[in-house]
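Would you mind keeping the following structure in view while I ask a few things?
By written order: A, B and C. Residues from 1 in each chain.
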Amino acid sequence: MRGQVPRRTIFAFIGPAVIGLAAVGIAPLLYAAWTSAHFYNLTKLKRVEFLGFENYWTVLTDEVFWQAMGRTFFLLGTALPLQIALGLGIALVLHQPGLTLVKTLARLSLVLPMATTYAVVGLLGQVMFNQKFGVVNQLLGGADINWIGDPQNAFAMIVFWDVWQWTPFVALVLLAGLTMVPGEVEEAARLETKSKWIVLRYVQLPFLVPGLVAVLILRTADTLKLFDMVFTLTRGGPGSSTEFISLMIQRVGFRGFDQGLASAQAIILLIITIVLAQIYIRVFYKEV
Amino acid sequence: MKTLRNLLGTAAVASFIATGAAVADDDWSLKKAAEPYAGTTIDVVFLLRPGYEAIEAMLPEFEAETGIKVNVIKHPYENALGEQVRDFVAGGDLDIALIDLVWIGNFAENDWIIPLADVQAKFPDVVDPDLDIDDFFPLVLNAFGGWNDTLYGLPFDNYSGLMFYNRCMLEEAGFDGPPETWQELKDTYGPALTKDGKYAFALQSKRNETQSADSFARMLWPFGGSFLDDEFKSNLMSDESQAGLKFRQELMEYMPDGIVAYDHAETVNGFSQGDIAMITEWSAFYSSVVSPETSKVADCVEIAPEPTGPAGRKPALGGFSLAVASQADEAEQAAAYLFIQWATSKANAREYLERGGVPARQSVYQEDGLEDFKFVPALVESWQDGVPEFRPRFAEWPEITEIVQEWGTKMMLGEVSTEEGAQEIGTRMEAVLDAAGYYSGDKPLAQ
Amino acid sequence: MMTTRSYWSQIALLALIILVCVFPFYWMVTTSLKTQVVALESPPVWLFEPTLANYREALFEDGVLRTLINSLIIAISTTLLALVLGVPAAFALARFEFRGKKDLWFWFITNRMVSPIVLALPFFLIARNLSLLDKHITLILIYLTFNLPIVIWIVTDQFRGIPYDLDEAARLEGASQFTIMRKICLPLAMPGVAVSAIFSFIFSWNELMFGLILTRTEAKTAPAMAVSFMEGYNLPYGKIMATSTLIVIPVLIFALIASKQLVRGLTMGAVK
């Protein structure tokens, strides 16, 4: 029978990975669960007290926490449609025949933003978006826009960099989808209709769906994880206008030193992440 | 007669001690005191600021004399607390604690630092007879280095809030001197100096320590407000506190847009570029605004004490002391003490000052030839009388400052009113203090 | 067949794409060659006398060189470890039938989604108890939390694409499962392995938060170093950009060389 192998063999293959990941992935979580049930402040380790679910209650009723969560999803809701629209446009341009050399160049340059260290993107943002000596205002014809100091503009700036860094990813994934469309089918469709939209909607789209699903999953996860770029660019400011969930937890845990509360926040975030991942993967990835 | 004799007797004893000290003086030398500890390496966190660069430039001298190696780990201010807390919690390698005055309650209550007297008792041979602790400005020594009547650290990188003003801009607008009061600054200087893309004033207000220290607290005190009342409840809803916070909102009209994104760097930079006429900043920035390499207005810079408010002159107070860490081993503790004593010594104060540091020694400011350091008179005046609890120095400050930073910037952005913001800070601050045990009587009300 | 107009508009679009992708790097490199005074010119200047002083200072005075070496050691080690652990696991997930396989696969993949801040707090406390702070091994291990899922995701997929008949034949000849994996399937799965290695390396090289929290001096990584110049007192923009350039250029060159594999990897888990 296909795939029937002794337990011992299975374990020999998969055991090390499971143990390894459990050691670095699960053990800390258990520890976090423990701290989250305690008053556990790094600067007050002389007084560690059992609190039960009090930290969770504090988090769940803290509007600041939910505002940060809402802001995170708002970012996803703003940046992702832009990434998909622009990414699809780029993919369609690259998919057209001809101009091989320029297209190879374009494809290569698309790789660059994705590979860039996220923290460096934030530093670059500080330099380029500075109100006085930033090149962005200069390129906008000597505009005097206060990017970093205005809540709305700062948020827009974060969206810009997220779109800059991840649109290429969407474009390349969708381009791969487009190349999976059998040539004859596409040609036949083009003979039938002149409308590019109809070709896209009825011929190409079915091949793009799996890619779009992957994009949705990965961008959701990465937005919940988003830290580095914002930390180096705005540190969550001005006010709380760019304080996304991971930044907020970092602030509570490592600036306020309340590790108990931060652990509770982190575990709630983890639960939200797992639920979303479950939904996405179970719904869209039926195989395996 | 009896009194006179007593007096003479005391004088004799005093002179005897003085002579004794003088004798010991001849014996004591850094080199000799350090002999048993040569080869020891001590680790310390430094910031990327002028006072640290000054002492780093002097370090080779110390290392050559003592054979002690000083391993400097540099961090930006905003990371320095976290780095040190994590190191102390982990029982790491730091042998010296760099303590901002608002961290001292925290460090002391955790026993991460050793009282100065204990170190001196443990290693009597390393104590310089010429230490002269009374030479430090008492306010500074007490606020930066002391907690609960115990002295832990010696003041090292010392600030007072000062008013830096651009004489040329003020003269052009018809003023022959800086404003005396905050009210005057807003009502008279503000409108006259804010035009053509230039601003009268800038108050660094980024959501960092700078929001609580340089912006929020700076407007509370001169108007008679404070963070806490005598019972340690929030005093932010009092008329005085509200007056200060409202004044801040009104003053924003004469500040650059996006002031809530201004940290020290942006503020000093705006002043140095000639875009801002007046700033209230730490004395430590003096060397940067008068250096032609970093400042376009070097020739126009003048210094005055901070303006006064209805409650008087309450300039911002801030600064760092160095203390011996309890996690260091014996040799490291002694070596660390030697370094701290040397870095803050009377003998080195002048050189430290000339290299861009700001010593807290009274004697150095009485010396001649300090005309080039225009900040000295204002600084000395500010240190005569200040508010040590300008920001409360208790162990809960790191948590409370986060709250102040968050709601303080929201206030400035107009997302909440000064009342709503103060209410929010008050509730959250009291929750922290309650958890710490101040209200149940478990903890003495010290700030 | 293309009309001249659409030809030119296509070229213009492609040029725009390239420009937008590349311009920030151009600006980063030129800023890194400016002195502080030039960097703070308003409006910014495009032509100036370049200086290498920022690089000299960053590399030799501030110790960026050492952090780059640390990053390299850590990224390579964690990538190799992820492969050693992940490839056999991927083989088992692709080839063997056992109970809970789906859940196991799901658990592996979920780790890729977990925010590092969830693990950073407790991992810091554990590392502290085990005296593992500021050690290379600590980052090498914690980076497994995102590298192992990548390896398993991509390589499982790759193994699944290899016809089963091949190992059937080998099994009849008496080869063990391990031999089958190593001799028959692994060579065919090499593209997937390479792709996941590239991803692991890039993600590890770029990681900031763990580096910031778990290291101090000895094992400090390059991104953590770049952040440490951000003092509120003085922002040395030239030096920050020089350090950024030093961090980013190696990984960009690497990504360009491996761009074919990279693009395939992106789409591998995604399109199938």
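Note that in this section contacts are C-beta pairs under 8 Å (C-beta built on N, C-alpha and C of every residue); 3 or more make two chains touch, one makes a residue touch a chain.
Since we're looking at a predicted model, the values are computed, not measured.
If you sketch which chains touch which, every chain touches every other chain without exception. C-beta contact counts were set side by side for B-C and A-C; A-C has more.
Among the other chains, the CA centroid farthest from that of subunit C is the one of B. Mean C-alpha positions place subunit B and subunit C at a centre distance of 42 Å. Subunit A and subunit C have centres, each the mean of its CA atoms, that are 15 Å apart. Counting only residues that touch two or more partner chains, subunit A has 132, 254. Within subunit B, the positions touching two or more other chains are listed as 86, 89, 206, 208, 273. Touching two or more other chains at once are residues 40, 42, 213, 227, 230, 235 of subunit C.
Residues of subunit A touching subunit B in their complex: 39, 41-46, 64, 131-132, 146, 148-151, 154, 234-240, 251-252, 254-258. Residue ranges on subunit B touching subunit A, taken from their complex, read 81-82, 85-86, 89, 106, 109-110, 206-208, 257-262, 273, 395, 398-399, 402, 406, 409-410, 412-413, 415, 435-436. Of all residues in subunit B, those touching subunit C in their complex are 47-50, 73-79, 83, 86-87, 89-90, 92, 206, 208, 210, 263-265, 268-269, 273, 284-285, 288, 293-294. Contact residues on subunit C toward subunit A in their complex (touch as defined above): 2, 7, 10-11, 13-15, 17-18, 20-22, 24-25, 27-28, 31, 39-44, 81, 84-86, 88-89, 91-93, 95-98, 101-102, 104-106, 108-123, 125-126, 141-142, 144-145, 148, 152, 164, 177-178, 181, 202, 205-206, 208-209, 213, 222-223, 226-227, 230, 235, 237, 240-241, 244, 247-248, 251-252, 254-256, 259, 262-264, 266-267, 269-272. Residues of subunit A touching subunit C in their complex: 2-5, 7, 9-10, 12-14, 16-18, 20-21, 23-25, 27-29, 31-32, 35, 90, 93-94, 96, 98-99, 102-103, 105-121, 123-124, 126-128, 132-135, 137-138, 142, 164, 168-169, 172-173, 176-177, 180, 210-211, 213-215, 217, 220-221, 224-225, 227-228, 231-232, 245-246, 249-250, 253-254, 259, 262-263, 266-267, 269-270, 273-274, 276-278, 281, 288.
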